[in-house]
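Structures given as structure tokens follow.
Both of the next two complexes hold subunit A, though its partner changes from subunit B to subunit C.
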Partner chain A sequence: MKLQTIEKDEFTIIKVEEKRIDAVNAPELRQKINELSGTGQTRVILDISNVTFMDSSGLGVLVSILKMLGGSGELIIAGANGIVSDLFKLTRMDRIFRMCDDPESAEQIMTVA
Partner chain B sequence: MKILLVDDALDMRLVMKRTLTLMDHQVTVAEDGAEAWEYLRNEVFQAVITDWDMPNMNGVELCRHIRSATFPNYVYIILLTGRSGKHNLIAGMDAGADDFATKPMERDEMEVLLRAAERVISLERRLEQQNHDLAKVNESLEKARDETMRDLHHAATLQMGILPAQKQIGRLDFAWFFRPAQMIGGDTFNYFPMNERLQLFYTVDVSGHGISAALLSMYLSNLLTSTADQTCSQWCGGNEASIKQNLAKMLRFFNEHLLDLTDHYFTMILGVIDTSEHRLHFIQAGHPMPFLVDKASGCVEELDCTGFPVGLVPDVDYEVMSYPFPPESRLVLFSDGLFEMLDNKGQPLLNSDLDAVLKTSVDADATETVRSIRNHFLVDGYEKNQPDDLSVMVIDFKA
Partner chain C sequence: MSKDSKVYNIQLQIDSQMKHIRLLGGALRGIGAELELTNDQIGQLELILVEAVTNVIEHAYEYKTGNQIQVKVECDPDNTIKMIISDRGKSMPDSLQGKLKADRLSLPEPELLPESGWGMGLIQMLSDSFHYERNNEQNYWHIMKCLA
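Now for the complex of A and B:
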């Protein structure tokens, strides 16, 4: 899975450079965030504005990432759009995840907090 | 080594045979290519030392014969030339010769050539052994694969076998279609009467697909049936509030149970049709929104509802949706695999496609409607490209 990582002082932005998050590539995403949290970075913005499709396994992995970062961490999903955004709404995961329309507003929240 | 020596000159044959025998090789002699070929067809030789120019069959022709035949071992060929050097060595190599020597040969020279031959033959032998071992491994892998495929076929038959067979219960007509992405899948569904008035139905889509999703869907099917059985008394004569309570309680139980059990989760619609009160109650747990069709007016409506999947996050509440469901109503349930299918131009099929099929099928019965959906979403030539399990269920309440 192609991921672009931008390290900031207080948080890390991970941009998914793929069209799909699915059963095949989602485990790599979890592995990457697992490595990050191992280095103490548990505040993450996950930018999925390029993603046009996510299947049930992809959603399952995002929830496991949220659980992994746990109480000590913070995760913001940014840029969900189209049928990916519909999936968050259909499954009410938009109420479980902290979501932002775009990465810029996610950065503002992370900076203020 | 067992060597076949071929030369039409008697003196050459005698000299070389003596030298080779002194070097502890087992030597058979032939006067020309034709005689040599006869020996080769009946005996096994590791090496052939052959003259170039001979009557009947010359050395190059003999090379070609040897290379086009199938011997159990590699035959190393040394082609002998005269001092004149007029022979085309490249042609000899193309015919299959491994090495060349000029007659007459000194003993040392012969020794060097034959040691090189032994080295090549032993490499060839090792390669043959490895190929043989690989073939054996391949054979056992193929056997294991065949066994797995047979098992999967049985599992697929079993999975189809637990799907509901009855097509009519009271005034309700049922029709469905199921096709897993692989041989077995994570979609399942069922319907059965709780009592004379209430008809329970569900449709489930386990996250992911393949064997583990299929096993979980089988387990869920069992769990749902037994839970419904155990709570049957609570449903009897229940009012709307208690029906809704029962549905929400079942979902909360499944949610906590699944969270403890596995990493998989599932989306579902679990509902009840109240055939006396003409009401439909259901919980939407992250499943695609169902369609409600009023066959009398021809109105097709996508029921706008959302809900948490089961087994994904703890401590969530499930909301029960209620709609009028008078006779002439139709409920259409399906899994999200439908919208991963492509039309005949390779474009993804959408909700609007399903909406259109349902509108044209208003007057058709449940079975015919399921067939129309199937035909629309499994387009010839694209039907093999099915990334996710597909299931569709249509329930008609007859007038």
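Now for the complex of A and C:
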């Protein structure tokens, strides 16, 4: 899975540079964030603004990432749109994830927090 | 392509591999674009198809590759799109068939932080009719979505 990682002082932005998050590539995303949390970085913005399709397998991996980061960690999902945004709403998982329309808004939240 | 009353029939077939589901998704997007469906309609149809075929690979074929999954798409661009997904694997588990028969949609509670279990509920929510049948050692998923 193609990912771009941008390290900031207090958080990390991971930009998914693929059109899909599904059963094929979602485990790679979990592995990447697992490696990141191993270095102590548990505040993550996941920028999915380029993603045009995600299935429930992908959503399940995002939940596992949320659990992995734990109570002291923070995960913001940024840029969900179209059917990807609908997936969060239909499953009501938009109640669970902190979501922002765009990565810039997510950065502001992370910086203030 | 301009819309007319013609009904289109397309048949697709993949091997029972997760990565091949992407091929189905791509084909469905192409069909939807040719028929001038909206992006919302195309996205919903792709999600329905992907969830259904993922379920077939998981439950009917138990992730074993080398098995066929067929998808017949019948589209009347002014009215409906129907998808019939068929396989020769195991019957749908009773637990999933129970979800289909239930009056209420079966979706996991978000607060329990589920990592799976949304597929059938998503198909039910996004389609206008959905039923399953087992016939002649084959499974058939009949899914219909109104386009009007």
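To be clear about the criterion, the second predicted complex is superposed on the first by the 113 of 113 C-alpha atoms of A that agree within 3 Å, B and C clash if a C-alpha of one lies under 4 Å from a C-alpha of the other, contacts with A are read in each partner's own complex, and residues count from 1 in each chain.
Please note the rule applied: a residue touches a chain if its C-beta (ideal position, glycine included) is under 8 Å from a C-beta of that chain, and two chains touch if they have at least 3 such contacts.
None of these values were measured; they are calculated from a predicted model.
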Clash-or-fit label for the pair subunit B, subunit C on subunit A: clash
Winner by number of subunit A residues touched, once subunit B and subunit C are compared: C
First (subunit B), second (subunit C), both or neither touched by A:23: both
Partner chain in contact with A:89 - subunit B first, subunit C second, else both or neither: first
Partner chain in contact with A:57 - subunit B first, subunit C second, else both or neither: both
Steric overlap of subunit B with subunit C in the superposed model, located at which of 77-85, 167-175 or 329-337: 329-337
Contacts on subunit A seen with subunit B and repeated with subunit C across the two complexes: 23, 55-57, 59-60, 63-64, 90-93, 96
Sites on subunit A touched by subunit C in the complex: 20, 22-24, 52-53, 55-57, 59-61, 63-64, 66-67, 82-83, 86-87, 90-93, 95-96
Subunit C - residues contacting subunit A, complex: 18-19, 21-22, 25, 39-40, 43-44, 46-47, 50-51, 54, 107-108, 110-111, 113-116, 118-119, 121-122, 125-126
Complex contacts: residues of subunit A adjacent to subunit B: 23, 55-57, 59-60, 63-64, 89-93, 96
List of subunit B residues in touch with subunit A within their complex: 205, 207-208, 263-265, 267, 286, 288-289, 306-309, 312-313, 316, 336, 340, 388
